[in-house]
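One structure coming up, written as structure tokens, with questions to follow.
The letters A, B, C, D and E name the chains in turn, as written, and every chain counts its residues from 1.
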């Protein structure tokens, strides 16, 4: 049939030849280090940024892009980084690990990026971390929240190239518990995403709240698979359990759907205390508009009305001028990432990874979200994010975060070295 | 009954309310070239389909070489030596003639499961395939894909595939339909030779009466699922009932 | 418990009716054209986006949007059948799937370019926005509306296929394409008509989904298409009655499954699909159909 | 009315019809005779455009219909009853009949009432689906459907096949009735006696070519031809 | 003459691949490995799809099984990559045997839908068995141990070293698939595709051969998955998702279904096309879709099939 001419022996020979070459290759070959870092800052500084640009969450990618691009424009307008132009390429991560890996390799090995940033899902972040270690490039994670990234990959396995500028799952789990402890509710339930993010945050919430307020009960949990468009069965499960409080890290479009459907089912008439750790995302607030009920506890990884600092106000105004949008939290993390890079490079006078790691570790950064400190042990950026109740404000076509409380990051974030007594958030006994 | 190769007992089959076989009883003797004839819709094709395992009968038994095969699957029957050719050329279109014949040959030689040896290099298979291709007169076109053959050649190939399975009993469904005289002569000569050797017992379903009467030693006439004539060609020719169904009943 | 059961049922039925709206067009197209249209989800998405556009930007009433949006999708369906699908009818199944898959990619990306990448929360429909109390718990009026529309669409389809001459011609062509041509049916035009009609049904589902899901996203088509496929399969490929019952069944199964055996979630759907294919490939409800 | 000239038809690569020519005059009834596989069905299908002839010409009422789509041929006045009948199983008897008239949009003598008059059994089973019909009933339905198109030429494939003698006798009467309404017939059948009753002229096909033609009486009388091409 | 050409092409290809291994940059190596792994997946898949004529929508399940097999083996049992690969292949083949047993009862669309259902069951198992599979985060950071052959220990830690292991398995797969296509078994599969009734009447149990083809293609998918894991050091349940099953289908159809080299050419086009389109636009899906349409409508029979026909026609003319 096909290739009838190739004789068996020839084929065997070719196979052997290949095998021999393989053996030879692995034994003798040394890869040529085309990617080896430049000793001194020379030429432009290139940032490879990846975010999801296709599928249902493509909107997040656009918000990433807005923030990163704005920072890029500002930095270059002000003379670049240490006199060098900042360049950026953005790629679609498609929310899948293989694509994220290919992007990282493309950025480093083909496009010759000096720095990497982005990454949306936890799975992608965990997949990319070891590879980033091998490729020896800084990766600043701007969206993925899994605590395993900083605890396991950075702290335990020592992949020092990975940093995270956004808040991790502690903010979604532990901080929520701090808010919940002051609420009168004693029975809690959840509708959470049926994946690691959902499981982890719910466990953290239960652990922490259980310790902060012994006697609370967790009466129901319903797990919504990725892509759920009909939350009614889940809402039924929760309403059957009649909890006083609801906790949910369902996010993005699914949260919009869930809130609308819960509203229709009258769930908020019966459950007064609702905690949405990622409810303060702009896509959710804008998507729900006036349909977002009042007095829902929401938070995010950044909210544009906090902190009430001149820097933040100016930034929000600039952002609105540039994009005609309120900044989403990924816009802020993307924006601040660029300035973190700028500060680190200028501090160490190099774009070499090893030096950058030293520069970034413990570095303080004044960003729209307030002061960030990159924790040395696990490279997690420490900064405070507000929790607040939704409220109507005639200035905005959507609900904003009204009354705000701030759980300081160092209160609710796990403390390195993540083991022993200090491994849990510090409790005021 | 020692010489009986295949026995059919009380075989019945109906599709809905259409009866295609009704209590059929007959046996086929080894080495006796038999033809089954009958007008359209007589149930000839259904009968072959039932005997070769394509359609399960409603009731009755089929005994082949003393073994009850009524419930055996097709491939088992073929391996036991019961094979068929099809009315419409049913060949492997995109495969070469060599490959067409090689498939049943490999099955017979129990080599079909081997997945690392090359078919083309197997001398025995080659020889056997060439022998069969030669017999049906297609040896020179060994590398041509079956779909490129003329209609008649394809029918020859069809019979070749059936023969390659080394059957003891072979049903040929209209083996000469659509053939030109040369091809027809070749196929008939083949059937005669093989039949005379006693290697294969043929049962032929044909419309071409020249073929039927020049070949057969026995003719079975089916009509609406019944046997209405059975005997030597002469006996059948003289049977008034048979003549009736063929030329139409007197209708005035 | 009573309250719970009633609401689990209601949620299941409304979800089922919603799946049915999408699956009906898919079934119809498969039944007549024997094409498994992967791009069906794209029609659904386009229907939703166009209806939303009417609602939001053109200031047209929602009901007008429900009519205008799907009609615009008909044009897309026409172009797709006439210039793309027609080329591959004689090719094997994988080529048809691949072609419709390519259309999905293109449609998703075009929607992103035209309407932007972000998910869009849709406004509520005046008149159908509220909820009514049923055994102690609120149930959205819109869901009740969907529960009425679903059977109505089924009834209308049934009437169309069983009672109208166009429907009879469709059934004739579905059971014997060649004979239909021999009595004078212009089969290619009929195919175009059926495909466009199927696209319209799917787009109608999309338009009606706007307030139901409350959200528009690129790729929303892919989210429904798998469920629609499952429904078409367990209903017996091409049977509308089967698809209706299948959709209802899947809706209830999901609702009860989520409530009472949450660990299994989508496992359940695919187990059902596998079992039906093994046990009754002609469709779970084949006996009901004929 | 119908002039078929040297048509050649193929299935894939097999050359099924070889230079088949025949003529049917208006009002005439012509038989295609021959054993199974002789090419009778293919001839009818070629005329209908279902298996288009590759070469040759098919002239119907002065119009070249070779190369036309089947629906165009049907609308120009040719109707076809296939040998496997192929009633629409999903449609009721009534729908099967009416659909033909509606689609074809040709007016004429035949209405459902007239067809039901001809085949009373169809009136009895008016509301039943085609699937439940017996072979004989399907035949009447298929023939009735062909008539409902109000054609000027009817192609009948194996009308007498599988029918009991009594029914065949009835069929002969029916065909006589149809012919009185001015219809032209081209029928393919194996039953010589039946054809003799309903046709004036006959063509004998053998292996895809016309091997003999003549008036039915002449064929009937020609013992050698009958023996050679038709009989046992 | 013609056969010599094919011989030369294969030799050249292997030479080029070896050359790539020695001289090219790490990203080219990476893409080449991706292409080879996808080729292994698609070549194996094509034994079922192009050869036997069965369209499966569940082969990602076997790919994922191969990947998880290696990952779990190296985490809990042994880090030897060859042991892992063997475990991956065996696990995938075993799963294919179980799933195939049910699926081969049907053909065509029913077969496709059944494999889809089973594939998605595997997907949701991998998603839900969190303790073993790590849930949706998957397993990551699986490091490549060195290939120890008793007397010889070869490090494959670096991509430039691992490349030759992939190349070895790619060449081995090509050889194996080629042998299968030449073999009686391969011929029987082609017979089943062309005419399964006739194959049955040749005395061959069609279902058993279909099952065998299913298992063999599942095993190749397992090998591809195993190598994919070693390359990416990561696997998530999405590897088992139906949309991943679509990849080998796409690749086979693009390259040419009934050709030996189709899946390889398809893989090259698939990986490079995506990579290049993305360099020009973020709307890569749009252009990918348009090119797909062009291939379906313009190159029936895939790139290889159409090119071969064109060459034949041209050579006839001249």
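Everything that follows uses one rule, which is that contacts are C-beta pairs under 8 Å (C-beta built on N, C-alpha and C of every residue); 3 or more make two chains touch, one makes a residue touch a chain.
Because the structure is predicted, anything quoted here is derived from the model rather than measured.
Shared contact partners of chain D and chain E, listed by label: B, C. A centroid comparison over C-alpha atoms places A as the chain most distant from chain D.
Distance from chain C peaks, on a Cα-centroid basis, for B.
The interface holding more C-beta pairs in contact, when C-E is weighed against A-E, is A-E. Computed from the mean C-alpha positions, the centre of chain A lies at a distance of 36 Å from the centre of chain C. Look at where the CA atoms of chain C average out and do the same for chain D: the two points lie 43 Å apart. The distance from the centre of chain A to the centre of chain D, each centre being the mean of the chain's C-alpha atoms, comes to 75 Å.
Multi-chain contact residues of chain C, defined as those touching 2 or more other chains: 108-109, 112, 265-266. Among all residues of chain A, those that touch two or more other chains are 1, 4, 8, 53-54, 194. Among the residues of chain E, those touching two or more other chains are numbered 179, 182, 190, 285. Note for the complex: chain E touches chain A at residues 2-7, 10-11, 14, 17-18, 21-22, 25-27, 30, 34, 127, 130, 134-138, 140-141, 143, 147, 154-156, 158-161, 163-165, 167-168, 171-172, 175, 178-179, 181-182, 190, 232-236, 238-239, 259-261, 275, 278, 282, 284-285.
Across the interface of their complex, chain B is touched by residues 176, 179-180, 182-188, 190-191, 194-195, 197-206, 209, 212, 216, 258 of chain E. Across the complex, chain B meets chain E through its residues 52, 54, 73-75, 78-79, 83-84, 86, 90-95, 99, 102-104, 106-108, 111-120, 122, 125, 161-162, 164-165.
Only residues 53-59, 61-63, 194, 222-223, 225, 227, 229-230, 232-237, 239-240, 252-253, 256-257, 260-261, 264-266, 269, 283, 286-289, 291 of chain A touch chain C when the two sit together in their complex. Contact residues on chain C toward chain A in their complex (touch as defined above): 3-4, 7-8, 11-12, 14-15, 18, 108-109, 112, 116-121, 123-124, 131, 133, 137-140, 142-143, 213-215, 217-220, 223-224, 254-259, 262, 265-266.
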